[in-house]
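A, B, C and D label the chains in the order they appear, each numbered from 1.
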């Protein structure tokens, strides 16, 4: 069973920036949809959730940005090292025609794999990606080759200067885009939901919460207003599901289960 | 309320004998509400103490072929936060719904202190977790293994709980479970919850050649422990008059019935959520009902403890 | 002898680290011979005592989803018959084959008496079953739960065994397994076998509403107890210098490896025969060999105890 | 799993004689071949092995003769009572053309069901059945209707007087019979093996030993000379298997594991 721990050798590593790397493994399970995630175990360190950034010809890729103790340790992982993988967990994106993909920061990761699959199906879609700077945005060439892609950065080092959501409104007014996929920082996602709702568009959005078990029992990732477990019914929620949740934009619960700022 | 499944327990009546066990989906009001909606007669909160605790690093919950290992390490947001969540749940779910608050302490006195604070949220029951095997390296072996500790904690919590009933949650890892249950009874416990996880146990990854759990060891739950839990319930029910919440490895209506036939008043389900998800409560209720109709049984108390000779 | 798998244990060398655990197919020479032929490095006889015992009525062995329950009740043909069978097995299987004789007694002294008679058959090891949970109603709780009993029995058996090494078979149901193992070490044990069955546990048939086992309760073995056994082995190996026969729930080469990485010298397989039949020994040997070749490991001692930190 | 305990109501009961009854259950498992057996549990009493005497239209029959404490209790079982059934265990008879079925006493039971299946396949076969007296031989009409059947009794109360094996020699000399199935008291089986070997005939024979687990682990039913477990590799053995066993005709091992008479 994929919920049980198994270790896999790292087949290859690719650096995107000094603080961002992709790791390649032979594909552990067949049923990997974009948006679903794996718990990644670094023996002796910890185990944390990471989206799948690609599956291609039996090789699975995950992409990690160093933001804290665990992800920094990931930067030291070498080819051949054994890493534990459990998953795929959760619910991923479904396939829709004429979509706009809106990604921010590491939220870009699951959209990368989604892009491959939408393209395989011959669907038309456009992509809007944002980050603090150019270095923050992985897979630039892939996205640009695969679909009409707009980049937006805080510092203007790539594409437009500003926030992705500034450019989203124009895009979704274009009549040929009828669906939104989004993934990124929650402040951005809250705006995306708003904008989509304004023009009555349907969407699927991937959210993040602190996760412990990944298998729907510890209760750590449950969001208020719904009882939805993001590790099980999420991380990708439909518009209907996402609108039930009352805590978007609020401080997240930490490892104790408390909301950070109370 | 469902006439067939309604279950009286310590003066209240619940719509089903099924209880969500402590530690599973019990952190927040909305999470527990969902389980009540699915058909649980009552829900037990995650065990909480005075202060917030992060618990152990991950992996902390690990499925294996026979069940689950867990070493969550009593991570919890602390009594203040949990009191808020219990109140919120009470508001959302109404007075008739069953809310059990699970408490633990690092010292005997802390058990009393947490209980005093927990009663502010007016749970139906204070469940006293003296038996978590995951924190032994910090606290020594669990209190639940020592008769003196259990005796003392029971008295302290009973006093602190005022008119809210208390249930002591036991482990099979003690010299005599029957004696332990009697000690609880004699010292004021109103009920017993049996059992907590077994072991702890360990799993090793043969690739990296190290224990998998960050805490190295974790308590065993799920199908693996069902016969152990059933026997514990049978023994306790045969030797005390306390109502028992029979918990351990239940995944099916047949197993829930076995617990009841062994004498359980209510049936706890924790790891079952992993195997049958939240709808497990709905399914088991439905199957219990069909079974009762088929056998022409009007209330489960007709078969409660019937296996005891 | 297979260079990769050969395992030295108490001065002898066996062709595989796998041992048939006591109580499974261990009644007759021909039965054990078949298991040796399938690839076991050694076989352990069914535990025997001074007199023949019929054991409990049936059902005495009961599969459930997580493993097996058994309450065979130490049925055995008695030491005289077993000495004959061990001798016959020695003749058939040769001097190099591993034959472990498992003994039990109803009193401390009986352990000594049975051992004295058992050594006539020249087994490689006397395994001392102080821990069977199936006879507790007759003998009180198993000797293996009490440090004084284990201490005393170890000394008596050691003396009675002469120059044949002895292994004490432990249960997890004791106040401290580490302390128990140290007591064995200090009192002359040459090895430890860990673990015996867990519990006991119970299963109830909801049709007739009665416990299924004739003895009502039975010890749990198989997949359910693997993490408990592994943790026991890890603890004992980390805290004594005695070689350990790691037994409990092993069904796969990966699990056998986990036992070895936890420190086990040999790996016992009992219930595994139910899951993988007698060929399980052949399969696990083959997979162990492939794994070793792949990892370029020349002898399992290179990874023995490697998980311990 | 069929190894786990399950109780079934007795649907019907048929008396063959004051000490022999058939019990009917809805068929617990699909894979029931003649010669395979079930462990039958009488709650509060004991659990013992019994062959399947028939499976027909989803109903399974077992047939019990009162010989001791358990089987006598079986005579008190009423319609509707719950009885535990685990199985089918062991290996049954395979299907051969032109066979002679030789049964003695309760060994007749598995041959009854075998007869149904051989007939269904349109095979030619003959039957030779023996017992102490007519009452000892169940299913007389069925056998007679289904195949050329010869009865032999000790007291001559049915068919010829004598032992079945007295009549077997003639039968197997008849060239159109080329295979022997047999089941019955061990003294008879030893003779059957001898006679078949004399004329070079192949056979399958069902043996009985004291059984505890039925699932091949307790070691109770292992026969010397082979390590064969009669509950698993048996109770039906091929000629090749049976000839390896060195203990035929010796006293059986009892519940302690000792041979009865030592």
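Worth pointing out:
Going forward, a residue touches a chain if its C-beta (ideal position, glycine included) is under 8 Å from a C-beta of that chain, and two chains touch if they have at least 3 such contacts.
Remember, it's a predicted structure, so these values are computed and weren't measured experimentally.
Taking the definition of touch as given, a chain qualifies here only if it contacts chain A and chain B alike; none does. Annotation: 50 Å between the Cα-based centres of chain A and chain C. Chain B and chain C, compared by their mean Cα positions, are separated by 34 Å.
Averaged C-alpha coordinates give centres for chain A and chain D that are 65 Å from one another. Centre-to-centre separation between chain C and chain D, using Cα means, comes to 36 Å. Counting partner chains per residue, chain C shows two or more touched chains at residues 64-65, 203, 210. Multi-chain contact residues of chain A (touching two or more other chains) are absent.
Contacts between chains trace an open chain of neighbours here, each touching only the next in line. Under the touch rule stated earlier, the contacting chain pairs are A-B, B-C, C-D. Residue ranges on chain B touching chain A, taken from their complex, read 23-31, 33-35, 37, 46, 52-55, 57-65, 72, 75-78, 81, 203, 205, 207-208, 210, 212, 214, 270-271, 273-274, 277. Partner chain C is touched in their complex by these residues of chain B: 64-67, 69, 141, 145, 172-173, 175, 198-204, 206, 209-211, 217-218, 220, 222-228, 230-231, 234, 249, 254, 257-258, 261-262, 291, 303, 306-307, 309.
By the touch rule above, chain D contacts chain C in their complex via residues 1, 3-7, 39, 41, 43-48, 82, 84, 86, 212-213, 215-220, 222-227, 229, 232, 253-258, 262.
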